[in-house]
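Please go over the structures that come below.
Each of the two complexes below includes chain A, the first together with chain B, the second together with chain C.
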Partner chain A sequence: MSPQCFNFYVYNRQGVCIHYQEWYRPKSVTQGTGSQADDQKQMFGLFWTLNNFCATMNPKDASKPALGQPRKIGEGCRFNSFTTNCYKLHFYETPSGIKFILNTSRDVGDLRDLLIALYDDVFVDKVIKNPLYIPGQAFKIPQFNSGVDRFLSLRGMLQQ
Partner chain B sequence: MSIISLYVINKSGGLVYSRDFSEKLSRVDLNDSLRLASIWHSLHAIASQLSPLPGCMGIELLESDTFDLHCLETPTGTKFLMVVDPSSPYLPSVLQRVYELYTDYVLKNPFYEVEQVIKCELFDQHLEALVRRYPGMSM
Partner chain C sequence: MISNEPPRQRLIINMPTAPGKAPVPVLEQMNSEIFTLTYGSLIRQLITDFEDLDEVNKQLDTMGYNIGIRLVDEFLAKARMGKCSSFRETAEVIGKQAFQMFINVQASVTNWSSDGQECSLVFTDNPLTEFVELPEEYRDLKYCNILCGVIRGALEMVSMDVECRIIQDMLKGDDCYELRIKLKEHKDEKFPYTEDD
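Moving on, here comes the complex of A and B:
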């Protein structure tokens, strides 16, 4: 079984989903939360809570924040990925607050470097450097979509 | 692989057991650990709902910068959470063994009420022995 990517979300600093791309989603959104907007909001809630959870649970930090205390970007321990019996979710947050979520099949290793390279090579190049793009807004840039597709197939993550 | 702490959550999401196995590392406050247990229970359910594939049973492994968290959910809804050192090999047998100890020394204890806080000496003792079999922490 080769590794397979299922879907991909990008969130801005405020927690609004600014981009969503999917390749393979047998369980449709209507069976889950009901609507695309609800799905994206729930995904944000999930990783936001998981980050708070990890920051409080962190065994290696003596001065960690109590549960519920606001954290700055980069402060406290953050989670990198979680695995369920069906899929694996990878998370990456840039220092500017842009968050990448990638759902893949289980047989994938650590994708932190891949997500960092995805940000550096594809996102910065096609989105940030686009003169018409307002940072933090939702976007529809076809070159970004095809750039992501190309990036992932080069690494064998998309079954054609 | 070294085990940092263990939590047992009942099927309603309440914390029934928590234990730290390392003296040197910073602990979670009791109130926070109660809240964390309930939070975990909800996250488990949300992760299944957001799954792109059908048949998702919830989070089994959470990886972060400084620790890994393994979760075993039993058919009855009880969850065993184990916080370990990052990049420890995933040994499902350890959590399975904890589940066996739970059934032997907690569920078969005639004074134990199901879904309540666990206060069983034999469970503590055997758990201690199980954890000591794995190499200790070095900070």
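Moving on, here comes the complex of A and C:
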């Protein structure tokens, strides 16, 4: 089976999902959390807690922050991805607080470099440089959607 | 009428870096003279529109801030930077990599305060002020205030609250440009949703 992307979230520092794109989601949102907004909030809560948890459980760091203690962006170790029996979730956080989450099928490797390249080539190019984009707010930029589609299909991640 | 959308200019950086230094990413190039002249005419227009030099300085700072909040993502993406571990490292990165990348200027970081919260960025080359002479009646104009705004905006996006001011200005007879950056607060990430949500 070739790799397949399921959906894609972009969050800002305030936890607002500023972009959501999906390609394959047979179980609709209403069967899960009930609404798109709830789904996005839960996703944010998930990786927020996971990051805190990873930093606390870090066996290498001499000074470990207590669970729940506020940290700076990127402080402590970061989590990259987790795999379940159905999908794999990849996470990348920029120092400016923008977070990218990509859900894919299980048979992909480490997509950290791909997410970094996505940030560099597509996000900065199509979103940040768009004069109508207000940093931190939700946006609807069709060029970004098509840019992401093109980027992923070039890497063989989308079944067309 | 000047719109509040700041002009976006990028200079190419193609200088070979010394061995052992962090590689500087290369952006699209543009002619530095066009950049200088555009900035100069922007200042001229601001002075005509606002007439009060304090207002002009404030506008430059706001425009710089608007540039900085967007510029930081481009810099982070191109430089593939992870998080800087301290304000000291941040200042070094601004002076050596960011200034080099965007305006082709090597700034050195000096004059650290005893608590490590304040420092100076010192440079002598400045593409914004080439060919510029400041007449006596504009002595209060902070010609490079846009740079202060850019630094403030960019660092705010990485949760550092800073204050940036111009201490020395070659247009006013000093022998270098000095920007003093003071870290007011390095903020933590707070969980944005309250219990009730």
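Note that in this section the second predicted complex is superposed on the first by the 160 of 160 C-alpha atoms of A that agree within 3 Å, B and C clash if a C-alpha of one lies under 4 Å from a C-alpha of the other, contacts with A are read in each partner's own complex, and residues count from 1 in each chain.
Here is the rule we use: a residue touches a chain if its C-beta (ideal position, glycine included) is under 8 Å from a C-beta of that chain, and two chains touch if they have at least 3 such contacts.
Source: prediction; values computed, not measured.
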Clash-or-fit label for the pair chain B, chain C on chain A = fit
Request  = Could you look at A:I98 and tell me whether it touches chain B, chain C, both or neither (first, second, both, neither)?
outcome  = second
Inquiry  = Applying the document's definition of touch, where does A:D120 land relative to chain B and chain C: first, second, both, or neither?
reply    = second
Message = Taking the superposition on A as described, I'd like to know which of chain B and chain C A:K41 touches: first, second, both or neither.
response = second
Ask   = After superposition on the shared chain, which partner residues are touched by A:F79: those of chain B (first), chain C (second), both, or neither?
value = first
Query = At the Cα centre of chain A, what angle separates the centres of chain B and chain C, to the nearest 10 degrees?
reply = 120
Request  = Determine, under the contact definition given at the top, whether A:D61 touches first (chain B), second (chain C), both, or neither.
outcome  = first
Request  = State whether A:L111 touches chain B only (first), chain C only (second), both chains, or neither.
outcome  = neither
Ask   = More chain A residues touched by chain B or by chain C?
value = B
Inquiry  = Between chain B and chain C, whom does A:P135 touch in the aligned arrangement: first, second, both, or neither?
reply    = second
Inquiry  = I'd like to know which partner A:I18 touches here: chain B for first, chain C for second, both or neither.
reply    = neither
Key: Nearest Cα pair across chain B and chain C, whole Å   = 13
Request  = Name the residues of chain A shared by its contacts with chain B and its contacts with chain C.
outcome  = 45
Remark   = Within their complex, chain A touches chain C through residues 13-16, 41, 44-45, 48, 70-75, 94-98, 116, 119-120, 123-124, 128-129, 131, 133, 135
Key: List of chain B residues in touch with chain A within their complex   = 4-5, 22, 25-26, 28-29, 32, 35-36, 39-40, 42-43, 46-67, 69, 83
Key: chain A residues within the chain B interface of the complex   = 6-7, 22, 24-27, 31-33, 39, 42-43, 45-46, 49-50, 53-54, 56-62, 64, 66-67, 77-87, 89, 103, 110
Note = Within their complex, chain C touches chain A through residues 5, 8, 69-70, 72-74, 76-78, 80-84, 157-159, 186-193, 197
